[in-house]
Each structure stands twice: as C-alpha cells, then as structure tokens.
Amino acid sequence: MSNKIKYPFFVFNPKSYLYGEELLKLAKHADELALKYPECSILVTVPFADIMAVKNATQNIIVTAQHMDGIVPGRGIGHVLPESIYHAGARAVFLNHAERPMTVAALAQAIKRAKDLGIETIVCADSIAEAKSVAIMGADVILCEPTELIGTGQTSDSSYIEQTNQAIKEIDETILVMQAAGISTADDVYRTIELGADGTGCTSGITNADSPAGMLTDMVDALMKAYRERG
Amino acid sequence: MSNKIKYPFFVFNPKSYLYGEELLKLAKHADELALKYPECSILVTVPFADIMAVKNATQNIIVTAQHMDGIVPGRGIGHVLPESIYHAGARAVFLNHAERPMTVAALAQAIKRAKDLGIETIVCADSIAEAKSVAIMGADVILCEPTELIGTGQTSDSSYIEQTNQAIKEIDETILVMQAAGISTADDVYRTIELGADGTGCTSGITNADSPAGMLTDMVDALMKAYRERG
Amino acid sequence: MSNKIKYPFFVFNPKSYLYGEELLKLAKHADELALKYPECSILVTVPFADIMAVKNATQNIIVTAQHMDGIVPGRGIGHVLPESIYHAGARAVFLNHAERPMTVAALAQAIKRAKDLGIETIVCADSIAEAKSVAIMGADVILCEPTELIGTGQTSDSSYIEQTNQAIKEIDETILVMQAAGISTADDVYRTIELGADGTGCTSGITNADSPAGMLTDMVDALMKAYRERG
Amino acid sequence: MSNKIKYPFFVFNPKSYLYGEELLKLAKHADELALKYPECSILVTVPFADIMAVKNATQNIIVTAQHMDGIVPGRGIGHVLPESIYHAGARAVFLNHAERPMTVAALAQAIKRAKDLGIETIVCADSIAEAKSVAIMGADVILCEPTELIGTGQTSDSSYIEQTNQAIKEIDETILVMQAAGISTADDVYRTIELGADGTGCTSGITNADSPAGMLTDMVDALMKAYRERG
C-alpha cells in the first residue's frame, strides 16, 4: 500500500481515550474497512507507545502519530524523535492541534523533518489566516477546526468549508482539506464530504458509541457514499 | 508624526539590558536622531513597564513593545493586553522573537489585534519557510534572523538577504524586510541596507559600546548614507 | 508605608479587564481605603504598562505586577525584567497563576530575584501538594485556588481552608495564606477571613458590579469586620 | 523482579540519540548487567515508541519513559498518557528535565498519576531550592543536575552532593538522590557514588564511546565497586 493520504480519507482519532488492547481491536477493525475500500485512506491516531503494536497488527491503515518534534537524533529527552516513530511504524503525524499547539519555528522544523522521512503531515489550523499560513509551510493535509467548535457537536457550515477550501487550494491545490469539527454521526460524515471536504474524522462520536466498531463502519460507509455521489 | 513604519528604518532594541533612567536617556537621544532624519523611522523597544515614561519623553520615535498577547480585555492575568500597551504609548510591537516564540494560533490572534488597534507588527522568522508563513498572516515588517546567527556578530550574506526579500515581497510587496543578524558596527548597518534590507537594528552593539549614544548616532547616520546612495 | 504584606490583606485583581483611566480611578479609590484602614494591606494588580501611572497616583496600596520572569538584565526580549517593574513602582508580584503557569525552574528563579529586589511574591497553587511545594521555595503569600473553582462563584469550604493553612504553616508559619476562589460578594470576603484565611481578593465580582468602587469598599469593610471579630 | 528503584542504581539515558535496533542491542546488554548485579537497579530510558520493543526483549532492567503527562484517559492529543506507557512496559519515568521542563501544576499531577499506576518517578531539579520543592511533592528519585553543568563534562563536587543529599533526606529520607552532571568515564561514576550519591547515569559518554557496550559495562562495574567499598 502507499502511505500517501488520498481523497477521500477518514481519520479515527481516539486521542488519549484508548490504548492497549481496546485500541488494537478497533485499529484491526479499521484495517478491515481499509481493505474493503481501497479507494480511500483510513488513518488511526495512536499514542506513541502503541504505534508498534498497532503497526504489527495491521496492513491497510495509515498508522498516525499524535505529534512529533522537529528534532534530529541527539539530545532532547522527552521529545518525540521523528526517526523513532517512523521506525515503530508511523507514516503520518498530527501537528499543531489546539490541544498540542506548536510555535511557528517548531512547526516549520517538524514539517521539514516529516518530508525528510516520508511522514505525511496533518496540520491543524483554527482560522483561515492560520490555514493559509500552514499551507505555505508545506502541510500535506490541513485540518480546519474552528477552535470554538471542538467537542460541541456542531459541524462547520458550508460557507466555512467553501472558504477554507478556496483559501488553501489557491496556495497549493494538492493539499487535502480535512473538516472534522463536531462530527458525531454517520450523517455528519456524509454531509461534510458532500459539502466539499476531502476528508473527515471523529473522536468521541466513536469511542463513546454503544458499538464503537459499528459506528466506525457506519462513518466509513457514509464517507464512501458521499464520495461516490460527488463523483 | 505617522506611526507607519517606512523604509529605511532602524530599531534600537535594548531587550532587557536597559530600563528606567538609562533607557530614557538613550530613547531621548534616538528621538533627536528621528527629528534630524524625518525620512526614516526609528523604533525603540522598551520593557512594558517603561512604555509610558519613554512615550511621555519623546515625540519622533515609534515606541515599541517587546511582545503582546492577542487577547481582548477580560481574564488573562500576566498576559500583555494590547489595549494596555497602546494606551501607554506603544505604536509597534515585536512578535515571535526566538527568545519569545509564539504558537501559530497565538501569533495569528496577536496580528489581528494589532491591526484592530493600529499597532505595527514586526514579526520574527528564523527561516525562509517561516518568513513566508508570517508574510501571509499579515505582518507589517518581517525580521529575518537565522536563529543560528543571533549574537554571533556574523551578519546575513547577500544571498540570504536577496532570497528572503524575494520570498516575502512575492507574497506582499508592501511588507518591509528587516535584517539584523550580527549587526555590531555602523559598517554592518551600511552594508545591510546596501544589500537590500528595508531596515535593520541592534542590541548589544549599542548597549555595550563605550558610548552607546555615539554608536546609535553612527548607526543611524550609516543607515541614511546607504539609503541615499541606494536611491 | 511598608511594602511587607500583612494580615489581613485584600487583593483587587482586575487582571486584563481594566487598564488606563478606568483602572487608575479604581486604584485611587483603593488607595483611600488603604489610608482609612492602615491595619490591613491592599494590593492592586495592574498590567505592566500601567504600573508607573498607578504608582504615581497612589501612596497607600501595594502596586502589584501580574507576573515577572526570573531574569537578570541582559537578553530576553518580551520577558518581564524584575528591575523594570520595580523601577516603575511594583512592590509585589503574582507568580504561577493558572492562567500564567510557570515551570518549577522559572518559579524558583523568579522567587529568588524577587527576594533580591524586595518584591513580595504571591504564588498560586492549585492543590495542597503544590502549596507545600511553593511554600518550601520561599513564597511570601500563597494563593490556594483549586483550579476547578476559578470563576465558578463557588468558594473554598472550611475544610479546604483549614487543610491548606495547616500544610503551609507547618512548613513556614510566616507565610500568609490567601483564599480567593469564587469570591463575588462582601459576604464571601467576610466568611473567607472568618474561616481562617489571612487574605482574599476579587476580580469580576468588582469589575462587573454595578458600582465597582462601591463593591470594593464593601469588600474591604467586610475584610476588616471579620478581622476585628477574629481578634 | 521488583520495579522499585534501589541504591545503588545506574541510568543509561540515551535521550534521542538512539532508537530501534541500536537501542535494543544496548538495552539487552544492560539487561545482562542487571542480571549479573541483582543488588543494583539498572534503568534504560527509551523513546515512547520504543518502550514495547525494549520491554519485550528484556527482563531485568527497568524500562523508563523520558516524560509523561499527568492526564487521565480522554482528550489530549499528542500528550503522553500514563496508562499507555505503563501498558507498553514502562515502570519508571523522567519528569521535569531541563530539556523538557514542566509547570508546577503539571509536575504535581504527573507525580500523582505515577503513584496511581506504580510508575517510579525520577524528577529533575536544577538547584537546591528546586530539589526541596520536588522532594515535598513526592518524587521517588531526584536528579540533581545544576543546569550549567549539563554536557560540560564537569561533575558536581563533593560539597554540592553533600548539600543536596542533606536537603532532600531531611524532607524524606527514603528519596534516592541521583547525581549525573558531567559523567563521562567509569571513574566519574566511581567517584560520584563514593561521594555519596545513591545513583548516577550517563548519555553521550556511552553513546559516543568507541564501544558503547564496553563503556556501559565499565560504568556499571565502577558503580558496584564504589557501592561495595562504601559498605
């Protein structure tokens, strides 16, 4: 499989809700969905210490780190060395999430190191000004998440999606745009792709579902349905 | 006087080396130079607590804060409220210096608040990738300071100056480019402007000089000489 | 007047809600209250850029900075130099507030620099473990503010106040204990002192009152009433 | 084996210098040394993503994380969840290193979470004031590393070791004191234990040695020799 993230894509982002066996089980389920739908990319974000176990148990998902630092091998205790997560199996990384913001300099260095190693970057931006700024830095995917909507169960509207798409693609049309604010149902996934996002994702809508695996299936099904209809 | 920073400009940036009477004395000297050379802008950066005293004692320099936070009046103890520094007399602000780095989100908010209030922003960038990123965010001046050169007494070479100028002006030709790495003599000032920078500045080259006021005069004289020769 | 904070004390802490003229007016009002009640200490926290104006207009309050960095004159653009705030008139400083947390090393250095200059430290602690930790570092006053109560309008109960008092005074009985969680009325002030706090303070309960000056008066009156009754 | 760190102990701390196979090889070598010398504890710090592989390949060392955050399962993308590193095999953790400093509140929470899970904490302190402060927070081991000595090849002298020992053991005599500034030879290890440290450790003295495994052996031999002589 290629590790290049493609349209459409879905990110199962359990943050720090899951680890160990429970995470592994859902990652394997995501792997089956990725096998079923080879047209899309499915990413699963995992704690650093779980990367190797998830990588070893899967073949079709893109195992994704939740952060990394733009350092080279050397000093830096407690930092996340790009080589260590790549060696463990990560092929994509989230950077600059509102829960783990980065300085301009640190983000620029991390994007550079990711390109060196062949790790895809999903860079978060809270506003259109930020989205343009990280587009020009060379992000592969930009997650446009108006900070005030995170965790509210309210999704971005069509005007916001259209504006961010336009602002980003004007700078580099190969950058993929992810919209994931407030995604809690399969319908939210369907509508977000229908409105023009390249990909989406979900955290607590899956981890808190009665059947997390069932919800994951429904969401990926909805992603593919919207994708096929959009043409 | 207008507070809009113009080409050519000189920043006397005593950082945390000076405060109180000693700072005031040099700020007044800078004010005389600014009166003598109305074609240029002279900025003096001062600790927050010195802004009002320096503003009250000067008329021609642009009193410059060393940082501010992109907050609005409300909570936020210990943060630097834009309204408070504006009221005290600051009309420009440094943002994202390597000694006070900002997250992407915080920088975007601070630039926005500066525009709201009419405070000019001098935004620091350690690399060309960063310079482009802050250009697109709307900085008024970009200080291009390769981190590894700060405090080494080594100036940026002509190739670096040319590249950063081009990268920045391509995005917005009204942005002014400041080059100040390793400026320690009047000759450094002359050469930096001659090589194409819109402005420059100095810290310890002035504060540690036998005669700080004399060195300040020499540097501003050199700035104007290069400016007039460049035409 | 002495700048040593004494029991009982009241902190008017307008954070970033106020600056300029409006802040000055309330600071002058606090100054009259401090003149009326010489047995107590009244502190007013002000933005860095307002320290000098407030100091120049008052004689009896302790003008208090909202933060400072433990640096010495030198490099450090955008940091808060202790000498600069002392020169402007600050004689006390808040450190480690939940809205401006400090690393262990930075806090230790700031406390050391405050002692060098004769600036009183009010150090914030979110839990009893933290309160003991900052007590042993040499804080002059410890503000015990369970993070989860800030801004909820819910005050600390007698058991919490008793436990923190005991934990702190066991380490150093000269440290003053401030309890200010959820103070929004004069009654809250009265009860907090009655329950054993050495001092208290308020932010939005005053700034959002119909008459901020009236509320400030009521709160300081309540402080003195509880103090006299406690004996 | 017990995971309780005991006197004497040695920390092989390759920071971000090593990962993957090279790290694994040296960790296995450390494991043989730990088997040979059951009286001492040998810790190996590893990048988060390497914890599981190192744990699976060893039986006698204490696999040690380089940092963790004091969070509980839930939100917090990019943070280091204690449960995730414990599940992967970490039984000790470094906290508050000068290269990864923590706020007072974050450190207090991380120590609490470590106790919940049975993870031993090695907490760094740059000065005696900090050492006392983290002792009272409940650290299991305190690494006393005067910041200015890190990486200089200069070790702490006997007076510094004596003073820190005394300051810490006065607060809690069960806390172990680690001294590791400037350790680059087996002689440095010997002398540091002889002078009264409970344990020591090394980074580049091992990773940059002609034979890292040989140097590791020599250092652990020296540790045991000093321990036996000290009685």
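Going by the order they are written in, the chains are A, B, C and D; count residues from 1 in each one.
In this text, a residue touches a chain if its C-beta (ideal position, glycine included) is under 8 Å from a C-beta of that chain, and two chains touch if they have at least 3 such contacts.
These are the chains along with the protein names UniProt gives them: A, B, C, D = Triose-phosphate isomerase.
All values derive from a computational prediction rather than experimental measurement.
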Per Cα centroids, the chain farthest from subunit C: A
C-alpha-based rotation, subunit A on subunit D, 0 to 180 degrees, nearest 5: 180
Type of subunit A:subunit B copy interface by residue overlap (half), same or different: same
Whole-Å separation of chain centres (CA-atom averages), subunit B against subunit C: 34
Length of the line joining the C-alpha centres of subunit A and subunit B, rounded to whole Å: 38
Euclidean distance of C-alpha centroids - subunit A vs subunit C, Å: 44
Contact graph of the chains (line, ring, star, complete, other): ring
Chains that touch, pairwise: A-B, A-D, B-C, C-D
Subunit A residues within the subunit B interface of the complex: 96, 98, 101-108, 111-112, 125-127, 129-130, 132-134, 136-138, 147, 171
Subunit C residues touching subunit B - in the complex, by the definition given at the top: 13, 15-20, 45, 47-53, 65-67, 71, 73-81, 83-85, 87-88, 90, 94, 97, 99-100, 151, 203
